[in-house]
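Two complexes are shown next, each including chain A; its partner changes from chain B in the first to chain C in the second.
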Partner chain A sequence: MKLKKAPLLSLPYAVFALIFIVAPLILILFYSITFDQELDNGTVFTIPAETVVTVDGKDYQMKEDTGAALDGVLSFALREGPVLSSSAGDVTLESAASAKVADSTTVRDEEIGNFLLIRSNNKNHAKQITLRNFFRFFDKNNPQYFKTLLRSLYLALVSTVICLILGYPMAFILSRLPSRVRSTLTFLFILPMWMNFLLRTYAWMTILENTGLVNSLLKLLGLPTVSLMYSQGAVILGMVYNFLPFMILPIYNQLIRIDASLINASDDLGANKVQTFLRVVFPLSFPGVMSGITMTFMPAVTTFVISKLLGGGQNALIGDLIEQQFKTAGDWGFGSAISVIVMILMLLAMSFVSRYERQSYESGGVLN
Partner chain B sequence: MSKELINLKDIVMTFDGEDILKSINLTVKDEEFLTLLGPSGCGKTTTLRIIGGFLTPTSGDVYFDGKRINDLPPYKRNVNTVFQKYALFPHLNVYENIAFGLRLKKVKEPEVKARVEKMLKMVNLEGFEKRSPELLSGGQQQRVAIARALINHPKVLLLDEPLGALDLKLRKEMQLELKKIQRQLGITFIYVTHDQEEALTMSDTVVVMNGGLIQQIGTPQDIYNEPANAFVADFIGASNIIDGVMVRDFTVDFMGHRFECVDKGFAENEPIDVVIRPEDFKLVKPEEGMLSGRVESVIFKGVHYESCVRVGERDLLVHSTVCEPVGSEVGLSVIPFDIHIMHKSTDPASQAFHYDEEGQEDET
Partner chain C sequence: MKSFWKAFKGIYSILIFIFLYAPIVVLMVYSFNANKSRGSWGGFSLKWYAKLFSNADILDALKNTLIITALAAIIATIIGTVSAIGIHYMGTRMKSLFLNVNYLPVMNPDIVTGISLLLLFLFLGIKLGYVSLLLAHITFNIPYVIISVLPKLRQMNTHTLEAAMDLGAPPITAFMKAVLPEIWPGVITGFLLAITMSIDDFVISFFTTGPGINTLSIYIYSQAKKGIKPEINALSAIMFIVVLVLLLIVNRRDTADERKESKKVQHRRMN
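Let's turn to the complex of A and B:
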């Protein structure tokens, strides 16, 4: 096909991508490297002498390191420069706290020289471009954030492995059934996905609760009740339950695409059923397995609903941490930084997976 | 070559209440090139799959070297198959595809290497070891499939329309090459095709099938020159099949004329089918011909002209290097040896072959 009109045709997609993918991404990246310094009134911070102060397009050089107290008015001694009576506009202080100012004035003191007086609008905030959000995440003295990430990865890994162990045989059996039974069963697998994700997880709460279905049954049988909720086990259960279809479907799709003649050929060349599975069926279904792992692992790492509802506070995952930064702590910068870290991790995982996929078999699974 | 290797005894195969094979009896000799020939749906592939072990016959027995092997799974049979669409493993390269059978037998690497290389040499694919089969042309894939099937030294190689996907020139080359490989290795080939020319070119024995029944077994010459019934005559090559009456031995009436022929042993005045091949008619002057008619159409076919001559109510197909213009009156002559007489049959499967066009009409 000649693609002369392709740029025009892809324009709607480009606009879509810009609005829904690129813009939020840039916003998150921007937030992740900004730091909202909440300064108390009277906090003294040093503005180094190299700092150039720009007022209405004019640059001013500081005379020396200036200790400035933040109480609504910043004052700097300037090396030289014109004396302005009064001017309102944007002032940027490079490499130091930047502030949106209401108005600025330069005055001349006979003894010291020129002075710049800045009256800040939002005197309690000073936005900084910095990597400290990232450093904070990996802070050795405060390892709780990093530990949360490790816990997320661990729980996601465990549930992905369980999904694979449960999902592969299910997909295999499914692919071997007569087509009428097959479509019915596939339908049943997809059916729970029509229900809201939250609802499904709440349903598990009512099953696992101390007064829930399981414990009611145990009580009925005269057995001691067990505490099932708010444990890592409950979180893993929730993940496996919610993400199992995402493991089964790509594997199943790959398995039914395997040409029956390949299995006949393997049979014909002397392979018994086990050998045929190990040497032909499994390698050919491998892209599906990789897709399944990606589609299970990714959402499992970032989920925050499951851990919140079934795991309680002590099993918070990285998703919870991000949510908390945005909603409770109000630290968008740190929240964004964590998101960026998770995104980078996912990208690494994806590139690893796609390389594997390409090596194993050209035409891939669902995720390509 | 005389030793019997495979015996099919009264094989019946039924799928969903439909008889695909109705009582097949067939003997395959050692080192023979046997072709199962017939239109699609005639049961030839089913027969092959029964020999390969992929299907178990509904009734009847399969004997291999005197032993009954009905229930022996494919991987235990000393038979290998070249599949219709090659069925090469896409996740393995050419080398590993060919080595597949040896790897299963846990053959040591140096021997694997030697045998694979020998196979590659035989099929002219040296240097292609590392390629993915998906990057090969149809003909090359075909060669890999043959090498893969032959590396286990099977006693019998089954080939299921292996050349169907190749273009004409390549197909002709591969026909000769397959025949060469078969002679070189001295093993039995059972070959399935719907291409009559392919069957005649390659085979020692041709088995013509239709409607789940064997219509005729014989050498290519037998099949071509002495077709057993109208179906075989028609399927093997375009033929003129004409209703006639066998007056007595060596004398037959058809198209309002009396002809001398070489057949005997029919009842007196028995209605029969007369087969005359298009190339056996000779175009002569109207007054010299045994039959005379008018040329309805002429098509140039390369080696010959295919003329359609209307004689009375019938159109006769004539292949000749002579081209008579459309509309001209011509005479047709035929020598007694080329007039083939066949019994009329009541079995629909042995009637002249016509492609079923009803399905297409239904759609309109």
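Let's turn to the complex of A and C:
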């Protein structure tokens, strides 16, 4: 039979997946247990805020508008490896206070905002295989990283619970509508989900900021203004807003699949509406609830956009920490180690949830 | 009791509805505000729209987004469809191994996928820019195509393909005539999913792009970090309208297809 050869059709993708899915994860694992000694005792260029840096013929001023400049220079540095030096041809530094070679051994986090750090062109840096990245994360004397993880889990949990409380009734109401109204309304509830994720978060900035809509209204009414942005509340609001449709949809999909005759049977057997809901409808919708929780909780834990835009510096999440290691601090080892920790947590959460889902599927048919 | 429940249902739905739409409406209204600050209404104006369309950075980001999305979706759909067929004919063990690997990018947090690809590109010496961005998008799109195509393969009537081959059709012809029409809805679903994933992606693009190459999401992020720009309001309003129109078209087509299908069934039954 010719079809025996059909599996060969997936050979190209097998190779592709090996390179672009499996190998990158192995790289993360590898980097998480390496430590670049150079970072510790090598030279580090710090570029003061006013410096003009020319990269690829483009001038970047290290001042207020550093967003693009920092990213540009840093990606360049990351891409080309440690090449920056004041005399090298492809990168030039021109400034009154020209780049200094600092001998600082450690980089404090506050400095990252104002200074650009680029590893020096030091050829004798050595990679060490070590677990110190993980120890650093769980360091008792310096618990900021671990605290960030706890904060992420806490904020994601609160948002998920709020999404569930708000979303379940909505899904239930939607599922009980006559089918024609239902499809239109469901469409309207999904629609905001198709808006760009960043624009949705940005929208809340315009409402919450100090000169935003809420405060303008308060002023109009002669009330004192409140500072809403850059708080945990703002982060939770952003999460709930962004992930609520992900809670409503799976529950709704599960609810409309429930066999109406089961509900009728429960009614006929003398259960009242509340009993029917608690003992028939809710248990049958449980798989939907579980996948709703997964679909809200997971992205909420690892987001860094919402916390950056609405939470400000003091409400950084674990995602911010990873982003910082790769985009500004340049410590890939530590960044990879945090990613590994996050991956393990997510895997644990997922296996927990999938066990629940299966259990409720299995017991779903027998209502005891 | 019954009327209370009815009232509650109505009010609750409206409240959630307001919660979901209020921010979008606010953005759209402010996009017509002549004043830059949101504190006061300076009258109706289209100047932010004019500014938006004369902003080279935004237009460039839009162009990049569209090119990357289109290319990534097309390539991912082709690779994904072909490999889905291969996976469909695999033995159980191979199949589950393949599907598990395929699920990794779907299950992994975006930030992990993003940095893992960044590390790979740096490791392989691939210059960060268009190529790396495109490869990253293809990588996270293929799994969705495979997930969409596989169920259609399972529903497919296996005998058609065997009959076609028994009657002497070369494999390619047999595939085109007997398999592709049957799985076509799944291929289209996968393609559309890939487009939405690509166009909306920020995190993975953020880590795999190079200096100076922005997609719309990356541009919006870098602007939003600096504070609020009225041009972005105008951009949101336009994007919302585009999404609305596209979804309405797709929805319309779906219901039209359903109607056609049910007609076909009726027709078949009558004969």
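We adopt the following convention: the second predicted complex is superposed on the first by the 256 of 368 C-alpha atoms of A that agree within 3 Å, B and C clash if a C-alpha of one lies under 4 Å from a C-alpha of the other, contacts with A are read in each partner's own complex, and residues count from 1 in each chain.
Everything below uses one rule, namely that a contact is a pair of C-beta atoms (placed from the backbone, for glycine too) under 8 Å apart; a residue touches a chain by one contact, two chains touch by 3 or more.
Because the structure is a prediction, the values reported are computed rather than measured.
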| item | value |
| --- | --- |
| Partner chain in contact with A:L269 - chain B first, chain C second, else both or neither | first |
| Touching partner for A:T302 - first (chain B), second (chain C), both, neither | second |
| More chain A residues in contact - chain B or chain C | C |
| Partner chain(s) touched by A:I33 [first = chain B, second = chain C, both, neither] | neither |
| First (chain B), second (chain C), both or neither touched by A:M170 | second |
| Which superposed partner A:S261 touches (first chain B, second chain C, both, neither) | first |
| Touched partner set for A:Y202, first chain B, second chain C, both or neither | second |
| Contacts of A:P283 with chain B and chain C, given as first, second, both or neither | first |
| Those residues of chain A which chain B touches in one complex and chain C touches in the other | none |
| Sites on chain B touched by chain A in the complex | 52-54, 73-75, 79-81, 83-85, 87-91, 100-101, 103-105, 132, 134, 148-149, 152 |
| Contact footprint of chain B on chain A as seen in their complex | 259, 261-262, 264-272, 275, 279-280, 283-284, 286, 360-362 |
| Residue ranges of chain A touching chain C (in the complex, touch as defined) | 2-4, 6-14, 16-17, 19-25, 27-28, 31, 55-56, 58, 65, 67-68, 71-73, 75-76, 78-79, 166, 169-170, 173, 185, 187-189, 191-192, 194-207, 209, 211-213, 216, 219, 241, 244-245, 298-299, 301-302, 304-305, 308-309, 319, 322-323, 326, 332, 335-336, 339, 342-343, 346, 350 |
| In the complex with chain A, residue positions of chain C that touch it | 9, 12-13, 16-17, 19-24, 26-27, 30, 37-40, 79-80, 82-91, 94, 98, 101-102, 104-105, 107-113, 115-120, 122-123, 127-128, 135, 138-139, 142, 161-162, 165, 171, 196, 199-200, 202-203, 207, 209-212, 216-217, 220-222, 224-226, 228, 232-233, 235-236, 239-240, 243-244, 247, 251 |
